[in-house]
Structure formats: C-alpha cells, structure tokens
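Structures follow.
Each of the two complexes below includes chain A, the first together with chain B, the second together with chain C.
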Partner chain A sequence: MGVTILVPYPLDNKKTGPEVVEELSKRLLAMQATQTGHFLVDGDVFESSFNKTKIHVMHNSEYPASVFSILDNGQKQIPLITDLIFDLLMLKVNPIYASRKQLKIESKGPRFELGDFLVKLGSVTMSQSQTFKGLLIEVDYRPCLIPIICWELIREFLQGFLGQYSPTTIPVYFTNSVPNPHHPVPYQKSNDTYQPIDTVQQYLEHFNNYRKQTIALMMGPNK
Partner chain B sequence: MDVQINAALNGIKNLRASVSNIFETAITAEGTFLLEESIACVTQNFKETETCINNLNAPSVPFTLGNTSYLNYETDLEKQNMYNELVNGYKWYEKTHQYSAIASTLLQHNSLKRSYFSSSNKRRRLLTGAHTVPPKHVDHLISTFNVNNMQLKIYRPFATNAFLHINLSRVLKAAIILRGLMIEWVTVKGFNESLDNVDDHWSESRYEVFRRVQKAAHSAMLHFYSPTFAELAIRSFITWFGSYSTLFSEPCKMCGKHLLNALPPTHRDVRSLDPTHEECRK
Partner chain C sequence: MAQSISVSVEAPIENQIMSIDYDGTEVYANPLTQSEYLTRNAARINFMKSSETTEESKEEEQAVAAAAFQASSSPFENILNKLKEAYTEVTVLHDVLAVSKEKHYLVLDPVPMHEQTEIKPMAVVYARKKALGMAGNILISGAERLKRLDNGPDFQIELLRLRQNWRLKKVSDNIIGDLSFRTAGSKFMHPGNFEVSKSDEVDIKGPNPSTLQVTIPSELQGVAYIKVVTQKDQEDLCSANVTMIDHKGKLQVGEISSWQKKLEFAQNVLFCKELFNQLAREAVQLQATIPHVVIGNQIRATLLPGIQLIISLCHSTNYQEFQEETKKKADDLHDHVLEHSLHQLLREIHYKNTHYPIPHSGHAVGIAKKRLLAGPHSYDRHELWEMTRCQNQTLLEQIIGQAQHIFMRKRTQYVLDSIARDVKDPQITSHWNALNSPTLSWVKINITTHGYDTITRTALVVHVKERSLMAICRDGRVMHMSYEPQELRDLILQQICQHQITGLQNLSRCMAWQLLSNSNHLGIGDVEPLGNANAILIASPLGDRVIAVQVRCDPQIVVKVYVSHSPREFYTSGPLVQGKLWENLGSEFKDVNFDKMEGRNFLNKMEFLMAALTKIKE
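Moving on to the complex of A and B:
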C-alpha cells in the first residue's frame, strides 16, 4: 500500500458509465497494464436513534480482513480499524444504531496493475436499487508513503491516463490542516505517512457527496 | 569476393521477388498496364543478376575443408546431417569468439579489480587490505558521515562485519553489508518493507522501482571501489546514494518527465548525481 489518490471522473451525457469504464480499461491495457481481478469498496451508515451521531462502516477488498468504521458526530470524525467481527457487533446494537439501507454505497469495478501503480475503475451505485451515481478512479503508487513527495509523479501519471479530466492540484483531503495532539502547530495529511484509513476516508468524503446530491434531488420536487 | 557473392545473392532475391509479384498482379488482374510494368521490372532485375554473376570469378584454389572433408566418406544416412551441424557449431563458436573479444576490451577499460592480486612477481609486500579494518575504525569512520536526510545505524549480526542500515528521508531503506570497509552487498527496500530480519537482506524488494535502484547501487559499488582508497570509496558511495532522497520528487534531467514506463528516474550519475531514467542516459 502506498499513496492513493481518488479522482471522480465527470460524465457528460455522451457516454454511459460502463462505456467510459470500457474505454479507460482499453487505455490501461494499451499502456501494458494487466488486469488483476476486481475490487469493491462499500459503505454503510448507522444512525443513532438518540442524537444525530453516525457510524460509517466501510470495507475495502484490498484489506479483506478489516472493517473500517468512522464515528461522526457532526464536528469530529473518529476512525477505528477492527476485525471482521465488528460487523456482527453492529447487528447487536441495531436498536440504538439503525442501519440506513437506502444510503448504502458501493464502488466496484476492474483492478489493474501497471508497474508499481495500482489503478481501480470504480462504478458507484447506491441503495438496494443499485442506482448508478458516477465513477471514482483510484490510483495507488505503492512504493511511496508520503503524499507530498510523490504527488507530482502521480499527477503526471493521471494526466497521461485521464487527459483533460485529471486533477491539477492535490485533493483537498491532503491539504486540510489536522490538529496535532503532540504539537501546537496543526499538520497536513500531505506530509504524513499514508495509512489504509486515508483511502477509506477519501472514499467516505466522495460517498457523502453522492448521498447529499441524492437527498437534495429527493427534496427538490417537494419545494 | 564476399561483396560480389553477396551482390549476386541479393540480385537473385530481387529477381525472385519481382517474379512472384507478376503472379500476384496477374491474379488481381487490374489491367494490363500494371502487368507490363512488373514484366519490365523482372527484365531489369534479370539483367542486374546476370552482370553480378558475370563479375564472379571461380576460385583458383579449391576450398580446403580440412578434416571435415572426411565426412564425405560417411555412408550412414543418419550421420550425413553432421556436416550441417558442424557448420552451425562453427558459426556459433566464431560468434562467441567475437563477443568475448569485445567484452574483454570493455572490461579492460573498466578495471573492477577487488583485490591486489597481480601476476607480476617483482615486488610483493603485505598490505593491510580494506577488508581487514578493525571494527572500531569502521564505526568511527561511519560516525563521521553526514549526508542530508540520511540516518545511519550499524548492526553486527555476524561478529565483526558490519551491516550499515540507511534510512533515506522517508523514501527508502537500504542495508550495506561491509567486510571491513569494503562494500560486499547492497539491499534496497521500500520505506514500508522490512529489513529487521537477516534474511530480508537477501530478498528483493516487492517494488520494481527499488529493484532498479538496487541494481544501480550494485554497479555504483563496483564503480567507486578502490583497493587503495577504501575510505574514499565508501564515502563517495554514501554521498552518491544520498542523492536518492529525491527518487520520487525530482524529474529526469534528460527528458524532464517524472515517469517513463511507469518508473521514476532510477539512475543517478556517479559524478553529477543527476537523476535520469535508465533508458534516457546518454
């Protein structure tokens, strides 16, 4: 595992999601990448019946033995990495923390290896109806653990692969300042050692955006 | 003589090609004009071949085939193929000879001698080799190294000989296995790969980029090696190796890009320390 950058791929009305995935897959294969199976990242939301505290429970097929959960009380997010048995625990606390099934999101698709790079083309679907929401492209440069050191290199890779849709600056996730418990000066994720939870938290940010869009759409006609 | 034979063979090849061209044109049958053109081509090629053949003169002396001529007397059907095999074997041998001659001149340019051994018997005095330096001296020398972004640590899992562990600026880890002051082996690993076990020193990195750096380090270790200036050799190597702190962040000096074949510039010039892709240098 190394620095991972998650990029939402904008869809115009000319092409559908599966068409874009196929086009990008062909491009990767032409760049001498090899497809190494599929991947899946999913996220469930459990909401407390007393206050608005949420628990996001997420899985990443890259770490099949772990459950990533993030406690979110609106102001602060507390991450926790546990064994798979955590899923069963969440079932036990069901009356207090109820699962919001219609907010469940998945990102899944083909996984490619290109030298030391790992590329995943994720189609995002939401709730049991599997409504298609968009595309999330994940690029992982495995040998490097410090985002700021290899961002330019990853940017060049993204540019060669996504062209005009590639980002020009490092995602905001890495530049937000995070309070430092050991030091008065806050630090930035970009200068910190990358952890598996960072990938999950990037997914969570994008998943939450899709959820907000969907809720806004549902609320829209009532106004 | 060789030139003439080659020209004649080429002539025949062209003639054949133009003849088969006629048949192809005849099959597709797109008017007689094209056919006429190909026939003219054949006539031209035929004339050229004829002149080439006329230029050839028969060898004045018969070829001496040496002992191989005895193969003519072979009556066993199975063994009659031996002549062809013999010719192939000869060609192969000739090539080996040629390549080894080239290799030998190349090696003479780059003297990679790791010992004092020389064939001259004139004067032989006992020198303290770079590999018999006392541990105290090694420790002292290494403690004087001061390269930016580099942390050095010495381990001695095997009695006297030191393992020098390097942490380079959160980019990579390396272990230099010393014998006295002589560098015997270099292992390069990722920042998140283990070097705690002795066995880890002989396994390759999971990542292509560090395997490339290790290869470069091995050739640099031979480049800097000097039996008489062991301290200078190791000091130069460490300084050179320190330039890898920008492995992921500095683009190639030649092409200006970060990536080539999905790899960053894994080569560092031994003098200027400039980063380049392996394929870009020179």
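Moving on to the complex of A and C:
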C-alpha cells in the first residue's frame, strides 16, 4: 500500500521507447535501486451491444489476486474489485458484452525498489500487434496513504531521475472534485486515503488517452 | 553257549484304572465278563486272514479238533478231576490241622473280624454343621449377588452416562467405543477403540462401585505426556509438559480405576501420540539449515546457536511412577506457555480440518477466508506472500518460532535488568507490553535522571521478534539487531551516554550557559573497546569559564569533567607572547575530581558546578 503517482514520459523523436527505458534504468541503478522483476498492467474493453456501456477489465501484477473492472456508461464510472474468476464470468456474458480485442492495451517493464519508493517503467503497447504507444512511469511511495501529504516528496524524487520531464503539479486525477455521499461539499482525491483502485483508474485514464490517439490516427487518413 | 532264559509276561492282577477323582481316589474299571472278553478277543481276530489259511493250517486245525474229540471221549472225566482236587485239598487241610494241633510248628490265630467303627454322636453333629455351613455360604453369596444387582450401580444407567460423554456403537454382541479425535478433525490413523463390558464382581465398598468395565488397547494404557525442554549446553533452561490432565492434581487410586478416568487417560495417550507423530513427521520433512534430529521418542531442534529444543514423548503404564514423577516436576521450572502453545496448535489443525470456510462457489472449498477476501480487498504481492507463508507454516516451525521468541524475550529481559542494576546514575525503566503475540512482543525503555525528568527523558522501543530485535529510537532511527545480547547492551549504553549529554545540554540552556560544541562520537582520546565517547563543551554566560565533559561509553559510564579559566590565573607575558590581551585566551583544562563533588547524580553535580563557576555581572 502507499500512494502511487503515474506520469507519462514524453518521447521526443530522437530516442525509441526501449532506449529511454534503458537509460532510465541505468539512472535508477546508479541511484542504488534494486531491480525486483517485472510488472504488467493490462486493460481490456468489453462493450455492450445494446447501449454503449463499456466495461474496462484490468489486471495489475502488483495485486495478483484481484481483477479490477470499471463500468463506464459515459457519465459515471463505477469501479468493482473482484476475484480472478471474474474473467471467466466475462467470457460467459460474451454475447452481451463483446470483447474489443483491438483496444486491448498493456503496460509492462522493469520494477525497481529504492528505499521506500517503488518505481516501474512501463512501455505501453496496444492490441495484438504490440505497437508501442508511449512510456508510463509509476512511482509508489509506500509509507504514506494520503496523496497530498507525500506529493511534494514524490515530486522531488521524480525530479531526481526524470530531470526536466518531471511533472510540476499533482496529476489531475487527484484534483478533480468528487461528490461526497456523506457531505454536501465535494472532496478531492488528494485528501482521501489512497486505494489500489486509484492506481487502476489512473492507468485507465492514460490508456483511454492512448486509445483516443490511435482511433484519431486511424480515422485521420480516411478523412 | 548262550543260555536262553524264558521271560514270562503276565497281565497285572490289578484292574485297570478308569479315572482318578479330584480327591485322588482311583476308580477301577470292572473286570471283563466272559462275554465281553469273548467279544474283545473276537474283535482281534482277522477273519479275512483265517479264510486265506493254507492247507497246512487246515491240517493243524483238524489235529486240534481230533484231540478235543479224544479229551471229551469220557464224559465223567471232568467230574473225576474235580473230585480228585477236592480230595487233595481236604487231605492237605487235614494235615495242616494236625500240625497246628501240635502247636509246635504252626500256630493258628483267630482272624480278627472287621471292626465295627464306633459312631460318636458329636462328630456327626460337627460334620453336619460344617456341611450345612458350606451350603449356607453358597446360598448367601448367591443371594448377595442378586441383592447387589438390585441395589448396587445399575449397568444400564452407567451405560447411559457413558453414552452421554463418549461415542459408542454396537457391533454384534459387543459395545465398542471410540476414543479418537476423528470427529474433532484429527486425521491420525490409530483406531482408538475401546470395549465396554459388564462385570459381575463388584467391590461395593470401593470408592466407585461400577458394574461397567472398559477395556482399552494395550498401547493406549497408562499415562503419557510430551516433555518440552530448552537446553543450553546440556543445562535445562525451561521445560513444559503437555497433557490433557492437570498433572498437578493428585490422583486417587480409586479415580484411576473408574472408567471415566481410565478413558480420559487413554484419550490423553492418544492425543500425545498424535502430537508427537505430527511433530516427528515434520521434523523429518523440514529442510532446516541445521537438520532436526529424531531419535526414538525424542526430537531435537536447534533454536539459536548452542540452544536446543528437545521435545520428547513420555509414556508409562505405571500410575504410581507417573505420580512420583509429577511430584518431582512440580518443583521444576515449568513453562506453561510452551505447553499451552503445543496444545493449541494441534487443536487448531483439528479445527481447520473440520471447519471449512463457508463455500462461496465450487472452486473455493478449503480456501481460507482471508484468501477469499484477498481478491476483492485487492491485497498486494507482499500481503499475499505473507499470508501464504503464515498458512503453510508447520506445527514444528511454529513451536520453534515461539520457543525462540520466549528465549529472546528472556535474554532481552536479562540484559535490561542487568543494565538497570549496574548503571545507577540515569534510571532505566522498562515497560513490557502485556498484550503480545506468541512471536512478537515489545518493550518500552525510558531513561530518566532523578530530579531532572522534565529536562530530559530518552525513550526507545525494542521489538522482540523470533530471532532478531528491532529498536526504534526517539529520533526515529530504526536499528535491527541479531540475537546476540551484546548488541542490545551496546545500544543501551550508547543511549545512556547520549542521554547524559542531552540532559546537560538542556540544563546548560536553563542556566544560561552557552553550548560551544557537542559530539556524540568523539574521535579523539583513548580508543574505546565499543563505541565512542560523547563530549560537550559549554561556556559560562560571561564566557570566562569553559567546562568540557566527556562521557565514556563503557559499562561504568565514566564521566570526566574539565574546567578552563579565562583570563588565565597566572599569566606571564614572555618574549614569544606579548601583550596583556592574550591572557583572555582560555587557560589549560584542569581535571575536576568528579566523584568527590556534591550532588546526587551527574546532572545534579553539573548544576552545582555551573552554579559555582557562574560569575554575575557587576
């Protein structure tokens, strides 16, 4: 447990994805981080044939016993965390919720541990063709649970190895106001206790961005 | 020439013995009558053989028949012979009588008649009395047995009571009971059966008259217990006995005989056997760095270097021996915690064998509830790994862990107590947390100076684990230590030194003295065997006095105090150093005889010293 911040790493055209990953890994190893295997986050999309409701089913290797699914009807997102057999259930309801294979997206790469920090360098690939889409860097500060408290620390840490590409403000996901069911005043995620689903939702946001880019690219030449 | 001797073989005159009675009298068979004799001889004849006789034998037969015919030719010869014999006898008798008449060679005595025994009336009375008495006894004993069966303990009632507490079933004519823990979840292979029977001979005067008798298989008879000993270089540190019976309670002889106690003992034997069986199996299977040894009824496992845990199964069939042993044991150092733990661990296994978490779906049978919740609660990798590690721990691993922890706790206690005893100046108090887990406990250590509690107080927390210690100091530093007690000792001593210096620092601030320098690890001076000396340098408000303090980090907490004056008391300007202004440089530091100073403790003495050296501005 801890607070996880997900930042996209902007790629210029000089270097390819694997090169950047290698460079960042070297930097981390120079900071005396230890590599502890690899990680994988993947996202599937199931779309209803009646209304355009989508279910995003996601897996995170950090939570190997869980399946995260987010029901998205356009206005609202409803998260659900279940056992691994949820995957089998989704196969059963295949006629109603059809899997969109070409929208399957995953982020995988090396995982580093550095003191209380956990750093994952994920290269995002999409559909079966494994086309490279970009880099997502995940930083997890494990001793803390409230994002606003440790954001400055994480920002500083990110500056340490990302340099100029490090973000200056907390991701938008944390500053969006969320309606509070118990109180009239809405609250921000950054003040709330961090949950594993927050990591998944951050991934989902970025995945959706990549998907939109891809669709735009595909639509572009046709026009 | 060999002389042939004719040996005559005759049948004995006595009749054959038919049987011998219990009192030794021999019953003879009646002599055979003539017809019986004939039939016996006839039976011996082989008629088949006679029919196959040769001609020679036929001729012989004819010769015998002719002789018989000749003998019976004179019909009165038989009578003649008999008369001749009678005549001879009469003649002989006459001769004998004639000789005896002379009374010279032969004397005739009258033949004594068979004496008629005189029947004494008293003897008859006695004999009858005796016979009647015996008959009466038989009747009385029979009557008593009947009476007992009516008034004494009823077999059926007792069977009912037995049935309420024990599992019984009827197999043909026998009642078989079940001692095993199978219904409680045990998977031990021993059948653990006993047989219930009705006994006729009841001791009514006994403490527990009972017609019900239980028969227990021989391997479950007697008393058993599991002995746990922690041994350090052949010297027992603590031991524990595991039985279901409170062995401190005294056993009455009557209690042993009652079936309830008998069954309880037998069940206890079964329990101990199962426990030991399980432990021995695990000891063989476990891949420890120092392999566990199983010899006979003993398991040896190494807890920490030089310290061994010995678990042995003691089984004796003699109740008296057992009682004597338990009397001895009462004086022994006895660890109830280990005893209880072993007991509890096997029970837990039993419980888990029967109590499955409620099945949620077909795939989830036998999975722990925590594991089922892991998915929806999104446990991360670390938590899941911890969970599987905890679940897969065997009984032996758990008990070794607990024993190690008990040992570590004792060691830590000893170190803290001995330091608190040896070091007088700052007081060391340790608070042990009353609520702890079998493998983790923690202690809070407070270092205070009497009278200066508000000025300074050093606190640290030590977590005692299975094989290691973790100390969290007040400044947030976390220190991991191994099982060696010296490491903890060094840490505490270092904390004491630091406490003294910090205390002095705070005190000097209150007294308006200035802190010049402060070092926790003074690199100069004598080389310390362990750790470095702490030092502080403070100046008086006017800056005319400087005190230097060094606290050595050894078990005696040696304190050295030096004082320097400014201006110098005896300043002589020489050719090298000229001018009056140089006298304001501090003079040489002079050693203060700190032991002789007034004051209860270090801070108290320092307060006096600072007060004495402070010069009030005029």
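Definition applied: the second predicted complex is superposed on the first by the 223 of 223 C-alpha atoms of A that agree within 3 Å, B and C clash if a C-alpha of one lies under 4 Å from a C-alpha of the other, contacts with A are read in each partner's own complex, and residues count from 1 in each chain.
Everything that follows uses one rule, which is that contacts are C-beta pairs under 8 Å (C-beta built on N, C-alpha and C of every residue); 3 or more make two chains touch, one makes a residue touch a chain.
Owing to the predicted nature of the structure, the values given are computational and were not obtained by experimental measurement.
Visitor: Superpose on chain A as described above, then tell me if chain B and chain C fit or clash.
Guide: Here the two partners, once superposed via chain A, clash with each other.
Visitor: If you stack the two complexes on chain A, which partner ends up touching A:M1: first (chain B), second (chain C), both, or neither?
Guide: Touch status of A:M1: both partners.
Visitor: Name the contact category of A:E62: first (chain B only), second (chain C only), both, or neither.
Guide: In the superposition, A:E62 touches chain C alone.
Visitor: Applying the touch criterion given at the start, work out whether A:D83 contacts chain B, chain C, both or neither, answering first, second, both or neither.
Guide: After superposition on chain A, A:D83 lies in contact with chain C alone.
Visitor: Is A:P10 touching anything from chain B or chain C once the two structures are fitted on A? First, second, both or neither.
Guide: neither
Visitor: Touch check for A:G115: first (chain B), second (chain C), both, or neither?
Guide: first
Visitor: I'd like to know which partner A:P186 touches here: chain B for first, chain C for second, both or neither.
Guide: neither
Visitor: In the superposed arrangement, does A:P143 touch chain B (first), chain C (second), both or neither?
Guide: The first partner, chain B, only.
Visitor: For A:P18, select first, second, both or neither according to whether it touches chain B, chain C, the two together, or no partner.
Guide: In the superposition, A:P18 contacts neither chain B nor chain C.
Visitor: With both structures aligned on chain A, tell me which stretch of chain C collides with chain B: 384-392, 528-536 or 582-590.
Guide: The stretch that clashes with chain B is 528-536.
Visitor: Where on chain A do the contacts from chain B and from chain C line up?
Guide: Residues 1 of chain A touch both chain B and chain C.
Visitor: Note which residues of chain A are touching chain B in the complex, please.
Guide: 1-2, 31, 114-117, 142-146, 149-150, 152-153, 156-157, 160, 193
Visitor: Touching residues of chain C toward chain A in the complex: what are they?
Guide: 361, 363, 371-372, 374-381, 384
Visitor: Which bits of chain A are touching chain C when the two form their complex?
Guide: 1, 61-68, 81-85, 195-197
Visitor: Quick check: in the complex, which residue numbers of chain B touch chain A?
Guide: 170-171, 190-192, 206-210, 248-249, 251, 257-259, 261-264
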